[in-house]
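Next up: the structures, one after another.
In what comes next, chain A is part of two complexes: it sits with chain B in the first one and with chain C in the second one.
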Partner chain A sequence: MNETEENFGSIYFAVLGAVALAFGVAELIATVPGEASWGIMEMSGIFLPWRAIILLSVGFFYLSSVKNFAEVHQLAKAVMASIMIWIVAGIAIWARIAGSIPGEETWFNSLEGFLASYAPPYCPEMFLLPFSLVIVYYVLKEKEEK
Partner chain B sequence: MESGKLPLKAVVIAALVLLALSTAVISVDAHMPGAKAPPEFELSPIVITDDGTEVEITIEDVGNYHNGRMAEFKTNMLKKQNKTDAEIGKIIEKEFAGATGICPCSSCAFRAALLGISELWGDEIPERADIKFISRRPTPGVTQCLQYITGTGPKVPDVKSKGELQMILPDGTEVTDLSVPSLKKYMVDMDLSTWNFVIIRKSTGDEFEVQVKEGVHPEGFFELRKKVKVDKMATPEEIDEFRVQWEAVRDAFLTQPDWELFEGVEEPEEPFPVGGAIFFSILVTGVGLLLVLSFRGKAR
Partner chain C sequence: MQVKEEVVKVPLSVDERWDLIEKISKQTVEFGARKHTLKDAIAELTVKPLTGIPVAIAVIYGFWAFFCEFAGTLFTDGFMVRLFDEHWLPWLQSVFPGKETWLYFIFVGDPAADNCFEAFGMLTSGLFVIFGVVLWAVLAFYLIFAILEDVGYLPRLAVLVDTVLHKIGLHGYAIVPTFLSLGCNVPGVTATRPLETRKQRFMMMTLLAIFVPCGAQIGIMQDLVPEMMGWIFLTLAIGYLGFGFVLNKIVPGKSPEIIMDVPPYQMPTLKNIMSKLWIRTSGFLLVAVPFVLLGCLIVGLMYLTGAMDWLAAVFGPLLTVWFGVPSETVAPLIAGFLRKDLAVGMLGGLMEQGIMTTFQVFTSVILLCIYFPCLATFALMIKEENWKEILGSLASLVAMVFVYGGLIHLVGIMLGVA
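Presenting the complex of A and B:
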């Protein structure tokens, strides 16, 4: 990993960590009324407090990884934070896939009903998911160097 | 049996029976004693202008008006029976305790008016004097709801201009006296055909007919109503059954969409879920890329 890549990684994951931390705080606040929404983002569900704790942890892991980012232990923290996002977002996506197939009163959903299952709102973890994939580049880079 | 005690017992029983009969001799359709409160519902108000002033009429306004009118009717009836003011007060308090005036009839008429006005005026706000209703249902609930909207009923607050309300029964009979005692004469055999309204925009002559769908009322509702309300031959079990059906009909009019309640109303088509289609495409593309990358990795 060259210096430019390291600097980019540091800044990128610092921003991502700050955003994750902000989302975590928002989810934590949303546990009081039980749900909250902002545009196409929605925070609700019985696991909301746990998801808030996970997001807060994600934020802390990302932020603690930015100093000396190229060092393998620091990189591991960012990898761990990304995996946490993948698990929570993966579950949310899987719930949508599973819910999109059966219809309300029929075995299979209509095309409109199927696609409507994937419509907004989305949980904050799903917004973070694509941005967390950047870590794959750094993992592959690390692997190449070895 | 002690012969001396029998007359006293009989007098007490007779007095209790008379007391019960005096309060129930004419059923008040404004409410159903013992009925549960309606579930949570959201009904938009009817918005009209009355001589230039915008007026919002909610189902609660209609219910309160209907309740008030029925309490007044009952009071007058009890006065004719030579009851004292204190006795009347007690009876009214007992009979109308918890009553909201939101019954199947008032809620149906409100929904029909709401639908008819939106169909005939669209986004425009109708002038009260431009509204005409033709009702086929001779009940106080329907009549007083429509009287409140048109401003034609007694004691409707802040009326500056009046619409029109006509009652023509399904057999063609026109009822001109819309007072409760007069309506009672027509409330005998009322089937689904009476759950019908015509809303007219007087300035243009446009009409919209609202007919309640078959299936909104539970099976046997009309027969049971006649048995309970008209013939008064129902057993306590049948009265309980009617109360449950009454609640179900009221709740349907308060909570179900127009296309579930009224004939000829099309369910609006859901817009194509563009957001869902975009997300699904991204998901499929992502999974595809992941598979390609993993196969490439293995090939190396």
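Presenting the complex of A and C:
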């Protein structure tokens, strides 16, 4: 990876790490009342404390990876952080899929009910998911160079 | 032919063998500095405690959340409860002849029941427990387990928990039988075979039998008391580590190190995952189906003959005074000898009748986990252990149930919830 890519990666994942850390703190605070919402973002559920711990770790992983970002061990931290986001966000998406198929009164949900299951609010990890995918570019780049 | 004869006639000493190995390796292996790849670096991160523990939390969270959504939300609550409670049960109640007969009671159960948890017949509760709840729970568990196994994460988890498990005389490898037991205790007990000493095997089997609920039981618990699952697992984990520590101190023998292969991370193949899933799930069903149906039959017969009321009267005072649970818990405890999932399902029936408080449900679920392994696990333990060890395991079980069950009741009294 060239210097520009390395610098961009450092700045990008520093910002993403800071945002993840802020979301993690927000989730941790939300565990006290049990739920909190902000616009189309919602923090709730019985796993909230665990998600908060994971998100805080994601933030620390990203932030600790920014120095000398091109080095393989540093890059690995960012990859691991992204995988952790994919696990949590993937489960959130899976939960919506699982809930959207069976209907309330009928065997299967109606089209309206099915689509409504995917409407906001979303958990913070789902907002981070698309931004975490940038790491795929760096992984491919690293593979290419190898 | 002649060379072979010479080798046999002049065996090499240990030193000579090492010299020979060195000579061969010098001629065949190229040595040099190896550059770490991204895969190596990720592998390192997952075994170092500082980074490995958050990753383990994320993986276990993913495991558990997938299990709940797949088995609970999608299959059991989404389709199976409706299928069994709204179609299968009313249909059976309408077509099965002789509502007052013992045959009806055994096969269909309580004629007034409006759900399969309460009916308790072989064809109602029995089939609902197996195909309505347990099958999906076991399927979800073994799917994720196979993925983690094939990716290569499990050995790394073993390395990560090695230090903690050494405190109780076990090796990090013990996480493999423990995880397997979360699916079914039977393969979990079988997986203790690589442990080197009888002490380690005895400890591991005893801990598995007492403190590790199987996937079937977890599935039913998740369906009945989802809000208590965290507390249930915390109580069991404390018991696992605490009782393991005590066993390590009192059981004679050694706990030597074992060398474990940690393979590189790799992409799992669909074929492998599917074949593992099929072998494990079908194996589980072969064990579970007869025992669940037999359990329903025995419990039904005990109700019909009045044996259950007699047992409730005999053990009632002990259950009420020492453990703080109602005497009606006798029936699930007896069913628990055959199948724990069935027994927890029976607790569900008691809950719906309003017989138990929330704390009593919690205590009963813990008691069901720790008081005796299911029959299939016990039969395997008899095969794997000698009689002295079996008696030791049983003595540990009895002591554990009384101490831990009483302690939970005491904590409940102190907190004002019992």
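FYI, the second predicted complex is superposed on the first by the 146 of 146 C-alpha atoms of A that agree within 3 Å, B and C clash if a C-alpha of one lies under 4 Å from a C-alpha of the other, contacts with A are read in each partner's own complex, and residues count from 1 in each chain.
In the analysis below, a residue touches a chain if its C-beta (ideal position, glycine included) is under 8 Å from a C-beta of that chain, and two chains touch if they have at least 3 such contacts.
Because the structure is a prediction, the values reported are computed rather than measured.
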item	value
Chain C versus chain B on the shared chain A, clash or fit after superposition	fit
Touching partner for A:69 - first (chain B), second (chain C), both, neither	neither
Partner chain(s) touched by A:118 [first = chain B, second = chain C, both, neither]	first
Greater chain A contact set [chain C / chain B]	C
Contacts of A:77 with chain B and chain C, given as first, second, both or neither	second
Partner chain(s) touched by A:12 [first = chain B, second = chain C, both, neither]	neither
Partner chain in contact with A:87 - chain B first, chain C second, else both or neither	second
Partner chain in contact with A:40 - chain B first, chain C second, else both or neither	first
Superposed model, angle subtended at chain A by chain C and chain B (C-alpha, nearest 10 degrees)	80
Shortest CA-CA distance in Å separating chain B from chain C in the superposed model	13
Sites on chain A touched by chain C in the complex	46-47, 50-51, 53-54, 57, 61, 72-73, 75-77, 79-80, 83-84, 87-88, 90-91, 94-95, 98-99, 101-102, 107, 139, 142-143, 146
List of chain C residues in touch with chain A within their complex	36-38, 40-42, 44-46, 51, 54-55, 57-59, 61-62, 64-66, 69-70, 73-74, 77-79, 82, 226-227, 230
Sites on chain B touched by chain A in the complex	270, 272-273, 275-277, 279-280, 283
Chain B partner contacts - residues on chain A that touch it in the complex	40, 93, 112, 115-120, 122
